[in-house]
């Protein structure tokens, strides 16, 4: 790529991030907009009693969007440019994120198993869409600079599976306390796997540099 | 232009893009805000049955705004600066984009031919407004650097016509399956025309550079 | 100022602009959010007949915020830095701009002389707040680089008076056609005055440079 | 840190600021969205009479978010980078800020002592969350460059305590005029303490530079 093309790719990436950040920020702030104080309440305890389930759903969804924003930030921090395919794949992620306020409403209005299923389904779908973004950038689109194949595949799998699994296990643990055990195991596996993979990737790149020297 | 003027024009352009991105992001996220879960529903299938037409309209409008954001990004990536006229023309585009959430509501509440007409009319109007932005930047305002006349005219025509035509044909195909034929032909024509024009533009610029050398 | 201080002032200014742009963009996009399609309508003409006054109020307010965004952009393009006082004065402008969606609702629901009065009053108040921003930056805060005193004072007066006056005259002209005469005169005066002042400012700076040479 | 790591930390910080600004901007603009004009009103005085308490609550909350935005800007202007912990701590701040529109509604609908308590409680909680961000950045995360220990601790305490205290005293003063006395004393103490600490910090850094020379 020439210098001008580099600059254009960088500008493209910058604008894509700008746009994504705005959508994430709006979705996360709109979570609270459908929550209204109750008509009648007596004392602070009663207020929280009446609003507790809504505030709880708000906190869960805020955490979900927050985690996805961090995930999005990490993926895009590794990219060197953007193209039209990335635009479209990223739009799919944003289109699903923008549905979270609506699905949060579902969660607090109908605290049923099926509402939870729809909610976890959406969270899982965002994870899959995000992993498609990363998979395209790392493998097909060559937008991510030098990448260690194993580490990139692990990131792909973790991005696709972790959010839905974690969110499902957390909501499951509310009713079945032993759900915390697989939750703890899953977190440990993702953290340990991530460290192992980063170390392997660093070693491989060192090898490559030594070989080149 | 002096260096300071270059920098000022660049800052102007940057701020215009920033503002436009925010409006696009808000419009695209607000699409979902008027969608609420139904009062009563039994099972996931029933939920999607009741909400299907809204989610469908949401997906269509999300795609429309997404396509226009990509189109806006492409046009502005070719600009070298901005001025007051571009500010105003761009505001017209944004003012029409901000009406899409309202028109989407129309689409799902009154799934009539006339609601579709209003919707496609707005989509077409945004396309025309966007092509005016490009036409001004490329021809009158001299904001787009060196431009190949034929390629710029083709871009102008495609920006003006394609979104309304495509959107109309897609919605038409929902009821009349043979509408997919002109849709496929239109897409093929736009893609082939775009490639041909880019090649001609590249050749002409090479010629100019040879002549200059 | 040292280099680091220059950079810090520049970052401060950049973030202030970022924040302001987001508020402008949200206010302008929210204008349409309280507009909903009517329950019953027969044909496109009837739809526009029922929604006409809302769309009209939307267009007016979109133009008002658009004009103020352009005005804000122009003022901030002349600044070299920002400080805490500018933060606060700018917040006052944004706080008034964020009230425009609410006041637009007033305009379409109660198309009375008094609703118009409140609306024009808010528009005028934003103009005054904006001129305070400019006045502080140019005279007290020394944030605007080298400034020609007469030109800066003219900009101050125009920023304070023009938007309210123009908006009032436009809404007045809807009922009293001869209101277009003072409107045309006012526009001519502002444009001619602006040109004259810019020419004088350029001449004075040339003189200063000659004297310095 | 290598050059690339510096650049990556800078980009991370930039994106965190971008996202935070968008959330602040949306929260501050949404404050007005639940305010609607009354159904019936006779004259401007009556309109303001009916809407006065809402506009007053709007102004208070706008000032609160404005003050926190300024506080956020100041803290982040001192940072040299960002990391995952800062992301999470910052998200907590934003999650509380996004609850302000809802709590403002509470304030105007139930102008009781307990509604005020909840409101002041949220304002105080944001202050504490913000001071955790600063405390982490300055002490644990080493994200703030060279910092004078005393000055950083004073900033920590002021960020945690000032907003809740001031907001409480202002709302208290509405009913008990003598509340203005502790308010004035608190402001004087914060301003004087801030100046003293900045002077001490500057002196200590000069000493360090002399010792190094």
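When the chains are written out, they are named A, B, C and D in that same order, and each has its own residue count from 1.
Keep in mind that, in the parts below, a contact is a pair of C-beta atoms (placed from the backbone, for glycine too) under 8 Å apart; a residue touches a chain by one contact, two chains touch by 3 or more.
All values derive from a computational prediction rather than experimental measurement.
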item	value
Joint neighbours of chain C and chain A, given as chain labels	B, D
Turning angle required so that chain C lies on chain D, C-alpha fit (0 to 180°, nearest 5)	90
Longest centre-to-centre distance from chain D, chain (CA-based)	B
Distance between the centres, which are taken as Cα means, of chain C and chain B, whole angstrom	27
Mean-CA-position distance for chain D and chain B (Å)	39
Where chain D touches two or more other chains at once, by residue number	18, 22, 26, 30, 33
Touch list for chain B against partner chain C, complex	8, 11-12, 15, 18-19, 22-23, 26-27, 30, 33-34, 84, 87-88, 91, 94-95, 98-99, 101-102, 105-106, 109-110, 114, 117-118
Chain C residues touching chain B - in the complex, by the definition given at the top	17-18, 21-22, 24-26, 28-33, 35-37, 41, 43-44, 47, 58-59, 62, 66, 69-70, 73, 77
